[in-house]
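Every chain is named by a letter (A, B and C) in the order it is written, and numbering of its residues begins at 1.
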Amino acid sequence: MMKTFIQTWRAPLALLGVAMSCVGSVGAEELAIGYAVPSLSQSFWISSSFGAEDEASKEGVKLIKLSAGGDSNVAQQISQLQSLIQRHVGAIVVGATNGDAVRAVVDQAVRQGIPVIGISSPPNSQHLASIVTADHYDMGRMQAECLGEAMQGQGDVAMLAGPAGQAWSDLRAQGFRQTLKDKFPGINVVAESRLADNRNASLNTTEDWLQRFANLKGIYSATEDMAAGAVAALRASGHLEQVKVSTSNFSPTARELLVNNEVVCSSVQQVVEQGRAALRLAVAAANKQTVEKVVSLPALKISAQDVATVNLEQVMAPANYVP
Amino acid sequence: MTTFIKQRSAIALGSRIGVIAIPLVVFIVCVLFVPRFLSVDNLQNVLRVGSILLIAACGQAAILIVGGIDFSMGSAVALLSVVTVILAPEHGVALAFACGMCVAVLAGLCNGLLIAYLKLPAFLVTLGMLMVLHGLASLLSGGMPLDAAPSPSFLWLGSGHVAGIPVPIVLAVLAVLSLHFLLRYTVAGRGWFLVGTNFNAAVNAGLPARRSVLLAYVVAGLFCALAGAILTSRVGSGQPNLYPDLAFATIAVCAIGGIPLNGGRGSAVQVVCGALIIAMLNNAVVLLNLTSAWQQLLMAAVIAAAVLLPQLHTVRRRYTHLFKGNAQ
Amino acid sequence: MKASTINRQARFLVAPGGLLLTVCVAGALVGDYASLGNLQNIGSQAAILALLALGQMLVMLVRGFDISVGAVAACSSTVAALTMDSLGTSSLALAVLAGLLFGGLNGVLIAYLRVQPIVATLCSMIAAQGLARLISDDGQPVVPVDASSLADLAFQNIAGIPLLLVPALICMLLVGLVLKKFTLGRHLFMVGCDPQAASLVGVDSRRVTLIAYLACGVFAGLAGAVLFCKTGTGLPTEGVSWALQSVAAAVIGGTALQGGTASVWPVFFGVLLIQALETALNIQGVSPFIAEIVMGLIILVAGGLDRLILRLFSSTTPYGES
């Protein structure tokens, strides 16, 4: 019965469908801000998107969160930015997968009257309305300082440096290496992994490193998830006392590691605060107000002793937040 | 006639030796050229890491034999870990792991039902499941990795010992033995070979072909659940990106071991050989302290060699007749 | 007559039908969706995947698989970026050449050395990733000095069609022509249906398979060139998920996994369908995790749509349907 109905009327039904779609739906009236980040599986971006979302609900704007699904998914991010342009959002906050690669589409957005704010890993465009910076080089430098002290200036260090070709991981690694060379010449970097970028892979790599390098005394990790993997390997093989670990980012994982003295320190950005700042700038820019060009929030070094005193609200999203 | 039979059995023996020879060759090369490879600790590490891959590959092998494929293993394992870590604090470790493993088996069951009974193509179904399960795991965990309290009972599966042997290795041996038993000595398992060779012919011959396929996916779900439980225990965390490449790794293991992707053939020995090769290779590239570029190039070269070497004698046979005329 | 045509063609109606349905539903629910600007957007977003899926279709036609397409595209874009400063626009041709080389490697391994497609292309995928890292200082994106104008140009439209999509459209026209009018096309179908039978009637199935993989490599290289134009940088670590997406698009477009059946334009609609869905979800602003679940469910279901079309539109039940 249904089949015969559809069969007889298939042409008019199709035309009706097309007509309906062209009429379109009722457009949203409230201001919409786009928020495009590389991935939502790292505490860094999740915390900053919490800051942005919280601020958005306070200001009464709709936040459209888009994740490229991976640090290297550049083409996906460009498509997502194109979609945001198509939706005629008021402004876009961009944490770029690669600053150079998204420049063209960001310029296109600006040409169409949509202001763009860069956050933490900004696009390399001359036409950004503002930048909220995270100093990744500084985070690497802080790790070098506390790890070098904990190692007492001697020994071998291996680096879990994170994915290659991403500004955040590259700058942290640079800061670490340079500071080690300047301040702790007695420490050698014997190995660097750019392929082990999650907890499981870091665990396996650390196990192998423990076999290979007898004089391994320290491990640098770009994120706290990698540090947790390294610590698990050290704990299982009984090397926790002998090898010191430093990390970046803050999350419940990082807090546990610090409290248990399994990492010597974590260098963090006030990411939640950055998200808030980015959103405020975006709303102001969307309303055609002037905004300051650069907003820079300093990095913090958190060690086991500081954990109890630091204001976690600015650094970490609440435990039950789901983007 | 007798020469023909001798030739055939020689080739069969050669190919069986060939399958075991390759991991032996890789082992010897590693012992010779890779620093610190041949130590008890390192070999234990290799076997422990390889066990997880081996158990999951047993599941993939069952699916490949029956003519299907499964891309969703990585996400099933991730969802298992998230469920387990969420439930562990309140309901105890054992129950949490049991629930997590049930989730993975359910995923396998869903795959099997959609593929065998709704006759959807395996490729699209498991690809879709990959995304659905990953999204679910992300939703449950809020995107971030969750930590399990490092209690000894939680970590037992991954780091514990049974009579001095690490638990993952014991479980891997049991898994391989059960796969071998299933494939050789049970009617259901032997039916998989028939169904994988030609589904329609199997149906016409009266085999319960659809049920066979469903069973293969459920069994694979069980293997995947076991592998996931060991992995979760070893890493001590539940996260959506626990082991995203697991499906590809298991397919690589099976393919290197010689199991064809269009079904109908396979054995537990082949899975073991493939898993050993990959595990040793992963260990070797880190011990050699190669940069990531050379790590990948070396892996590609070794995989190519491992697959081409058994082919050499057939390729030579196939091409000499071009030059010699009608050699037989 | 009409019933059997619909039976045979049902698998090729899935993609266009799905696309139409998506545009209608999304157009009704999401603001500003069914406008020309958005459709042009979707076209330019789909440019890379269209080339990859086209190559994948050719390879699946001869009973194969190519999971190296994403890595080859990334490597090609890196090659183009590295040579841009010295060679100018002919660096794009080098990118295509890189793709051709990898396609040739795949073809020789699979057709002449009898390696399984999945292993051979897995090997070349890892090799392409390694090579890309090697030539790019361990995975750093390569930024040529004067590529910025190229990227700005890339987002323009020509006669209403996005410029980025033009290479894909030209390739599809060529492939469609070859498949329909040239003997090579006929041979591709023959080898896909039954390689032994094809050999018996004098078709060199090894050479035909090699040509299919060469073409797939060329299209992957071209996709890398398009990627380079779109971004103005060489991206050595991109494309990890593109292989599976291209196979999915080809299968949704009616290509049979076991070979022997394929058609060019439904594959294009399959690519557009996937991209249209993603764009709809992105514009609507649903939570990224829910968007992923929805995409997964749709891909899951897409495999059964051809039989749904049969049930809805065919006036007789096909023989053998259970």
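Simple rule for what comes next: a residue touches a chain if its C-beta (ideal position, glycine included) is under 8 Å from a C-beta of that chain, and two chains touch if they have at least 3 such contacts.
Remember, predicted model here, so these are calculated numbers, not experimental data.
Undergrad: Write down the chain pair with more C-beta contact pairs when A-B is set against A-C.
TA: It is A-C, judged by the count of C-beta pairs in contact.
Undergrad: Using only Cα atoms to place each chain's centre, name the chain farthest from chain B.
TA: Of all the other chains, the one whose centre lies farthest from chain B is A.
Undergrad: Centroid from C-alpha atoms only, then distance chain B to chain C, rounded to Å. What do you get?
TA: Here chain B and chain C have centroids separated by 28 Å.
Undergrad: Where the centres are mean C-alpha positions, what is the separation of chain A from chain C, in Å?
TA: Centre-to-centre distance between chain A and chain C: 30 Å.
Undergrad: At least two other chains touched by the same residue of chain A: list those residues.
TA: If we look for residues of chain A contacting two or more partner chains, we find 40, 164, 194, 322-323.
Undergrad: Pull out every residue in chain C that's touching 2 or more other chains.
TA: Chain C, residues with two or more chain partners: 133, 138-139, 287-289, 292.
Undergrad: What parts of chain B, by residue number, touch at least two of the other chains?
TA: 138-139, 143, 291-292, 295
Undergrad: Once bound in the complex, which stretches of chain B touch chain C?
TA: Those residues of chain B that touch chain C are 71, 114, 118-121, 123-125, 127-136, 138-139, 143, 248, 251-252, 255-256, 260-262, 291-297, 299-301, 303-304, 307-308, 311, 314-315.
Undergrad: Can you list the chain A residues touching chain B in their complex?
TA: Residues of chain A touching chain B: 40-43, 46, 164, 190-191, 193-195, 198-200, 203-205, 207-209, 211-212, 225, 228-229, 232, 235-237, 251-253, 256, 319-323.
Undergrad: State the interface residues of chain A toward chain C in the complex, per the touch definition above.
TA: Per the touch definition, chain A meets chain C at residues 3, 6-7, 10, 14, 17-18, 20-28, 32, 40, 62-67, 69-70, 72-75, 78-80, 82-88, 98, 100-105, 107-108, 163-165, 170, 194, 322-323.
Undergrad: Which residues of chain C touch chain B in their complex?
TA: 65, 109, 113-120, 122-124, 126-127, 129-131, 133-134, 138-139, 244, 247-248, 251-252, 257-258, 287-293, 295-304, 307
Undergrad: Provide the residue numbers of chain C that touch chain A in the complex, in ascending order.
TA: 20-21, 23-35, 37-38, 41, 44-45, 48, 133, 136, 138-141, 143, 148, 151-152, 154-155, 227, 230-233, 235-241, 275, 278-279, 282-283, 285, 287-289, 292, 311-313, 315
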